[in-house]
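Two complexes are shown next, each including chain A; its partner changes from chain B in the first to chain C in the second.
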Partner chain A sequence: MEKLYVHPLPVRIWHWINAAGFIVLILTGIQLRYADLFHVLPFPVTVRAHNWVGFTLIVNYFLWLLFYLFTDKIKVYHPELDPAKHFRNTLRQLQYYGYGIFKGDPNPHHVSLYHKFNPLQSVAYQVIMILLVPIQFYTGLLLWDLERFGGSVALFGGVRVVDTVHVSLFVFFIAFIFVHPYLASLGHTWSAHFKAMLTGYEEVD
Partner chain B sequence: MALRLLFAVILVAAAGSARAADPSEALPEESKPCLACHSAEGAPKVDAAAFASSVHLALGCTGCHAGVDLAKHPAAKPERVNCAGCHADATKHYEASIHAAQRAKGNETAPACATCHTPHEVSAAAVGEGLKDACLGCHAAAADTHKKWLPNAAKHLEVVACAACHAPAVQRKVDLRLYDGGGQKRVSEDLVPGFAERVRALDKQGQGLDPAQLRNLLDHLAQEGKVAQPLLIGRIEIRNGAESHHLAGKATALRDCQRCHSAGAEPFQSVTVSVQGADGKTLRFEAQKEVLSSPISVDSVRAFYAIGGTRISLLDVLLALALLAGVSAPLVHLALRKLLRKKQG
Partner chain C sequence: MEATKKVLVIDDDPVVGKSFQRVLGGKGYAVISAASGAEALDRLAREDYDVVYADIKMPGMDGLEVTERIKASRPWLPVVIVTGYGSQENEARAAKLGVAGFLNKPLSPDMIEGSAQLALMQEAKPAAAKAGTQAGPVSFIKNVGLFIAAPFIGLAYVVAFPFIGLGLLGWLAIKALAHRGVDVDQPSSPDSDVR
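Moving on, here comes the complex of A and B:
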């Protein structure tokens, strides 16, 4: 098997900080919203932890953004501009996860230096990283200091709207945090993609 | 006493309509000789214009300062004002407060009624930020000391009445105050004539406005156009205003965030919607507690939200579904993979 260096160091650092941060944010977020159901941490401590981890991830996001903006690795996020081809590839990938994988078919996506994402991943990660994650950070920032950002909160539609958007995305990220590692376990061995995200090297045929 | 009280109430009610454009015009005749001295140096000064626009205007001077014998005054001081004569309930709670206890110990700087409710300028208690400013007037460090432990301290001081935490024994509620122009100015009854009738027409059962009725009310106001961008800004207050005098010592003030930030918290069990009455008092209308947690209210109560306490139940359902899907989808997929591969040998 050939080894391909597909996850450069800054991306790996960003990924694992982000992963750990997401888990802390989800747990503290659940504690803040459901303090009546269980009480592991005192409320003000939870708020502070949620805020500080949130800020850490905002800074961390810029590590990801700047790395991709200033290196040719941004090509991994380039969309397939031919819609027919994109649709065909997406369908093939869906077919694999929904049917072929059960028969032991090979994964139709082949990782290469500038194509580490399959068609489903490339669309999902563009939406997540360029839209959902920034909205989550922005709404979180507004909720952090409602007085300081009073004008922006009002423009957004009020504190209840800001919170509803923040919690709706939180709902999505909760599902993501379970599905993402499962999909990551579908490499040629269950641990192949996990190792790759630690070492940077994917093993390819 | 009852007659005097009735008289006072009638006078206060009449004052609302009697108030003229020039406030000093509205002064009762009997007050004018008093104010001739009491607006000059040498006698305790009363701001005639402020008094003319206070809720006590109709009582005149002698309504409170009884027993002044002009032949002997100013050498003979008038009797001590008996606020309890009219405000018995508030006084009862004040007597049980840390402020009264401090005065009883001889601390002259501890507030009596007039210290917070500036005697000749007193306006309806629930209006504006005047009373909070009165608290901060003595407790100047409070804004900073809250910042040390309370997240979003400035916002809390804005939307939670001081007494809501500092009178821990009493019951709280949410008052959704109607503002216009994106929260710049409270809406007065004059601006929305027929507001009370509109609320009653919507709330036919008299059970308080439900989320759909509240949305309907705001839509109607927006369509009417007299209130630009009608907005309800929530504030946590004491259910019975008189009880807000029942202030306890700092050590017993509420510091448990869950008293508000958890589902079913006591302050969110009682909700009112209010406009400012023509006489300066607040006109409150009951609303159902569901207006704080219904998906229908995301827009109508957009400017009030307490994490955990007023959460939207629909989002809880979505969250449970996401959790279920997140856990079960990989498990089902994994099980199918194992099962089908085994079959294929």
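Moving on, here comes the complex of A and C:
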């Protein structure tokens, strides 16, 4: 097997800080939203932890964004502009995940420097990283200081709307936290992608 | 920041791919191997490469035929022919296809690295001409524009996907029904007419 350097150091640092931060945000978020069901830390401590980890991840996100904006690796997040090619590859990938993988078929996606994501991952990560994560950070920021951001909150339809968006995305990210490691374990060995996110090198056929 | 150059090595002997990996791997090249012409064309349909090395003698499609097909769809892509069976006829055919080089085995590290550099220099000229004024800020704006557009294009694909899926299922159903109809209505062999 050959090794391809597809996860540069800044991306790996961002990834693991983000992963740890998201887990803390989810746990503290559950306690903030469902205090009657889940109570581990004192409430003020939970609020402070949620806020500070949130700010840390916002800074972390901008480091990720700057890395991609100013390197040729930005191509990893470029969309497939040929719909026929996109749908053909998506169907192949779905067929693999739904059936072929259980028969030991080879993965139809071959990792390369600018195509590290398969078509399903590609769309998912484009939507998550460039749309959903910024929306989550922005709504979190608005909810952090409703007085200061009162104008923006009103513009988006009030606290209820902003809170609903934030909590809906929070539910989505909880699902993501479970799905992501599962999908990451579907490499040629269960630990291959985890190792790659530590070393930067993906093993390719 | 200089981008890593992607090299596709087409050879049914895995040792050749490993040699290229050993020579070019640590020098800013990403070497990817394909064991056959079909696999190489499949990879080229999905990914962009900067240089291709093709062995002439391979089972199935030979290296010159692969080159011909590559040049038909990507005339700008430099292809270097590698062979242990060099002949004037092959060299002439390769030259006619517009290859960037013709290497006779056994290969030395200098031959591999030198040919890659030469091929990339050849590629750089038309690429620069093609890019024209697109270098620098324009390229940056294009990259960022695509980056920003990506989630919206992605969402459009997600919305369209169920319709595409249903359409495909409908098409397959119609095809299956039509096929069944043919089986039922038409005799399956000339023998049945005789009877």
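Keep this in mind: the second predicted complex is superposed on the first by the 205 of 205 C-alpha atoms of A that agree within 3 Å, B and C clash if a C-alpha of one lies under 4 Å from a C-alpha of the other, contacts with A are read in each partner's own complex, and residues count from 1 in each chain.
In this section, contacts are C-beta pairs under 8 Å (C-beta built on N, C-alpha and C of every residue); 3 or more make two chains touch, one makes a residue touch a chain.
As the structure is a computational prediction, the values presented were derived from the model and not from experiment.
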*asked:* I'd like to know which partner A:V167 touches here: chain B for first, chain C for second, both or neither.
replied: first
*First, second, both or neither for A:L91, with chain B first and chain C second*: second
*Report for A:L32: first if it touches chain B alone, second if chain C alone, otherwise both or neither.*
first
*With the two complexes superposed on chain A, say which partner A:P79 touches: chain B (first), chain C (second), both, or neither.*
second
*asked:* One more residue to check, A:L113. First (chain B), second (chain C), both or neither?
replied: second
*Tell me which partner A:F178 touches in the superposition: chain B (first), chain C (second), both or neither.*
first
*Contact residues on chain A for chain B in the complex?*
32-36, 39, 42-44, 47-48, 51, 97, 101-104, 144-147, 154, 157-161, 163-164, 167-168, 170-172, 174-179, 182
*Inside the complex, what are the residues of chain C that reach chain A?*
1, 3-4, 6, 17, 21, 30-33, 43, 46-48, 143-144, 146-155, 157-158, 160-161, 164-165, 168
*Which bits of chain A are touching chain C when the two form their complex?*
2, 4-5, 68-69, 71-72, 74-75, 77-81, 83, 86-87, 89-91, 110, 112-115, 122-124, 126-127, 130-131, 204
*Mind listing the chain B positions that touch chain A in their complex?*
149-152, 154-155, 158, 182-183, 231, 257-258, 261-264, 297-299, 301-305, 307-308, 310-312, 315, 318-319, 322-323, 325-327, 329-330, 333-334, 336-337, 340-341, 344
